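Read the structure below first, then the notes.
By letter and in written order, the chains are A, B, C, D, E and F; residue numbering begins at 1 in each of them.
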């Protein structure tokens, strides 16, 4: 409305006083839902995402199942109150695309061959969107899968990097996404050095892409550490009980 | 078209346990017939994107309500009123038996029952929500999101809606000039004109017994269900019976119980709102 | 448009000269359609509703059937020309809700356990709407079920009561619904004293609710009498033939 | 996508009865090849909510048409004309083989064929239905509702539509001032400008025989079907062939028969309209 | 915009200099797609239509199959860029109707009884619409069926005739359709003298209908000749290879 | 909801042939790992109805793009810009595995990836497409139509889109007066403001090998796929990875290869455009 905001101040800090390579405050909690076989709540700053896993199971509705492996069904969905303007509940083209790339990322981590003729269902609900919802959603879904006891090659940790005012920054929020030059969500199985989600929306030189990827990897390892903490917190408490 | 739902059957042992407990005047989770499950109300869990929000847990049932407010054109037949819309989504996250898709008849019913209770009781004074008659008024979207389903979604949703509406704030109205309205959606300003609070109280009938606040097993077993809306003045502001039949005297008993027990919910709500 | 009309005159009569406890002129006819297994046309004043029953049968499309009982499929639907403003043929949220409450009411009356693995289909079409369409529809559907020879615990008779200008009245029409304080549709199996449909849209005190329910029961027994007359009319004529 | 319908098979005995009767020059219901079934026309069965309506029974086929009229913006490419829309719903009440849902290809086809016959013949003078060019004109919705399906829905629907349009009345236009239009929707005023009547006549071919007004059994057995629209001036105002093939001479015979038999329908319609 | 154009000039010629009984320039090519079992591209002047046939096959999605014959599935569809105003991809009522009449026409030519329990799928895409798209589509679909080796009683050839300024003309284009008095698409199995598609949109006297039908038959035989040429061109080239 | 697609299995022999060829540094169709299939670009195959169009064949994959341009209201949050919309339809004509229906996730993904590459690179200067700010601007619809599917739909679609946008012409703007715009849609006038060209380059990983421009068999066998958008300035203007995982070094290799090979596509495109 009143023109483009300053994204990087003279002190080199971002609009919310973060350094370029600094994550937002991150919260993770595993096992937050009663009905789901696995669940997790993940917050990156004001972004708040919940994920639930059901399965392996026979799908409630009829789908073509595979005799060789579990099929994965995944929905990334935004609550009507999660966005600046109220979001219609009908799936948008954006949600259709993100459901696909998240599904493919998760599918590469799950040992689906262990569960032929069954379905693993992953439901991600964005409760509050402030940038990085797909990476927060992927991170939460991976935790929910672990919580459901579904064997995975590795957890998936994810974060978005971006380019704002020419600077490569970690974990961009919605304001930075809107006014910045590039947004690059990245998801990895960190221990296996496998990038399982990668999109670039924006313009970068070859060198900037290198810098962005390096910064993403750095952030991802931090997210990965927090994931493991959240899991051990739940399961250690169980042991203590 | 409405079709008989095919419910996952409740194991026979569980069913017998529930019914035999009832015969002894108790419920398997230790509650009396007229007891609510534990209730928690969290205010404004969605502070950045909703104008008001609340997370209510009623036992294991978990409801998130977000209220969004924007300026829109009022309905042509109500030019001097704001608009209140209640919607509910039963997202597949909340239950193994839900599938993605447009709201099914259960979600539609919950939303419409709550919508009517709020509207008929005049809980929100819509007349205060007009900005320029016939041209601009505030539209209130009350979106009910079911996160975890363990029965009695309606009462939890009414409570969460009422809490969210109480804490909601209108965006700042910057100026009204020459039929042009300027809104600063980033700044929260005045509260909504909530004139009175409304709650709903739901009861079911199982094997001749009338129980308050059914959990999911009890709902599946129930022969009949009735939801009664009560406002802070003790008036009946809505009724919805579903499932099978009830005698007139059973209905009277249910209505009396609902009126009586509504005080607990209203007190709880008021207490929670005082913490803001 | 020109303000709220007078609902109760100084003589205590309603806008159409009815007493508060007076039904509109009611017409019922059974067996009005050739293809349907059972059918009925019901009019309450200007409200005109037709109902058809097919079944018990294998449903034309695939539905989950039950091994224990017939499933009931019910649609309450309004013709485009039945309302003041032309109604779009797509099902509204109101129609979805009413289809459900009517289905549940009918289901409580049908001996569904006699027809496992089958479907009983009930289609209600509102041809002209002037208040009380759901109760007229339920009344018609119950007649259509009887006409189809489907065993029922009892007929269902229904009528809406309301509160207008503070007075509890029987069988409210659309004008009274629109400008009145409360609308309470009630459906019963009269001989069994079972209320199978009950909704209250509006505000009542505890005492008013009692009065309204009592008036509803009174009206329902009159509707019940007319239903039995309509049925015996059709079936006695058959015997005479 | 259009898919071959899987029809419930007609029992062999019935099929043979129909065909062997044809060989003797008769139909199983006693009609000759060029006979209509009994026709009744009831005018204005929906007096309170529709601007005009008619219930037509053609044998056991039953069609209710309701006409609704309101003021709307004319189409941008026809600023000086009113709008006529014909829709058809084959509701599941009418046949054991219908399911709820949006209009299928058969309902769409019937509506579009009738729409074209009315439009191309200029039966209704749409030019008289403009109020303020480019801004306001009368929109006529002619909704066809199939209540009982025993074949030849098209001819019954055309007849019911034409009857309903003839008895329909416009709402009262109270005033037109400064590009504002006031309508009293509660008061019925002038008739629609119906300039000429249109009927359709449908014939099928079974085993080489051409039959008028097929019932449902005959439609299912038919190798081909053709509907011809004829106006009160005897002109052909539309043709729709469906099903399989016909020779040119068979088509010519069908068209000649349709023109001849259209007089009966037109006379019947005019007689019915005189009773108003 | 600027009034009705002259459709027939003083010289008796049409707006594009054709004689009343003259076809537009017609192009036909068979076997234009790699994946389809049969395909054809057909142009009538600026009208450009492509058709593909898959089958006989098990349908990809579940449909009710017949134990006695192949079912035929047919879609007539217009590309968004094919029309004067961009067409929404959702099927219009017009496309639904035309899919049906084209399906019925094709079905009458195919020996469906040779392929029980299977589906024959015909997809027609209008790439550019300038009048006569349904007849061009039917002509192309018939070629695609032949290309797929599906046994037919005869090819189907089709063309639209019309009445413009009172003159009966062959192969009307969109301008003539829009401003003319009648449009009559006709499809035939020419060698069998079977009219398999016939619609009249407009007003004609009995005599005009005769003249129109005669002109249509004349045009159809010319289209039929071109179809056979196109087929022999493809298959003779194969033989030469 | 996105669901694991059940692919028709590739016959074992074919699979083995593909993989064993790769081990020898070759592909079964004779290409090297970094070779495109033969590419042809036909300009303006839809001259009468589209403002610009192109037909691209990439091996056996065939894509038709039509561009339609009309005057519409600009988006409220971008009052001084035209609108560019990219849509893709995978019509059932193009593959035995496609069914009619709304665009599936694959069509949505292709359209959105290309949309982002065009938008983020500012290939089309939308600022030049405003007519009256806030009221009228040019809307560009770039519709991608898949006619024959043999893999790598994205690169063929980007090329066809870029070609069609380059040859597209705006309808003639006759006059702008008093907030009224007159357009002659029948006359083609100025070109679109194309500031730079964009192509995408897609690579897949099979058995550890990275291959350019996969055909359909290779796509089905692929463990992972990545598409990189490159503009005529050599900048990266978009990336979309799909399928399974890739190491960072594999990604770097893919990006380097994409940048290198993008020159071939851009040269081809420029050559084709010179023929106009």
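By our rule, a residue touches a chain if its C-beta (ideal position, glycine included) is under 8 Å from a C-beta of that chain, and two chains touch if they have at least 3 such contacts.
Here the structure is a predicted model, which means the values were calculated and not measured.
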**Asked** What is the shortest path, in steps, from chain D to chain F when you may only step between chains that touch?
**Response** 2
**Request:** Could you find the chain whose CA centre sits the greatest distance from that of chain A?
**Result:** D
**Request:** Kindly point out which of B-C, C-D or A-B repeats the D-E interface, defined as over half of the contact pairs being the same residue numbers.
**Result:** B-C
**Message:** With centres defined by CA atoms only, which chain is the most remote from chain E?
**Reply:** B
**Request:** Report the inter-chain centroid distance for chain A and chain C in whole angstrom, where each centroid is the mean of the CA atoms.
**Result:** 51
**Prompt:** Measuring from the mean C-alpha position of chain E to the mean C-alpha position of chain F, what distance in angstrom results?
**Reply:** 31
**Message:** Please tell me the distance, in whole Å, between the geometric centres of chain C and chain F computed from their C-alpha atoms.
**Reply:** 57
**Residue numbers of chain A (touch at least two other chains)** = 75
**chain F: positions in contact with at least two other chains** = 1, 100
**Asked** With chains as vertices joined when they touch, what's the shape: line, ring, star, complete or other?
**Response** ring
**Asked** Can you list the residues on chain C that touch chain B in the complex?
**Response** 63-64, 66, 69, 71-75, 93-94, 96-97, 99-104, 107-108, 112, 182, 184, 188-189, 192-206, 209-210, 213, 217
**Asked** What residues of chain B sit close enough to touch chain C in their complex?
**Response** 1-4, 6, 105-106, 108-109, 111-112, 116, 120-121, 224, 226, 231, 234-248, 251-252, 255-256, 259
**Item:** Of all residues in chain E, those that touch chain F in their complex
**Value:** 33-36, 39, 46, 48, 50-52, 54, 57, 60-61, 75, 77, 79-86, 89-90, 121, 123, 125, 127-130
**Prompt:** Which bits of chain B are touching chain A when the two form their complex?
**Reply:** 45-50, 53, 60, 62, 64, 66-68, 70, 87, 89, 91-100, 102-103, 141, 143, 145, 147-150, 185
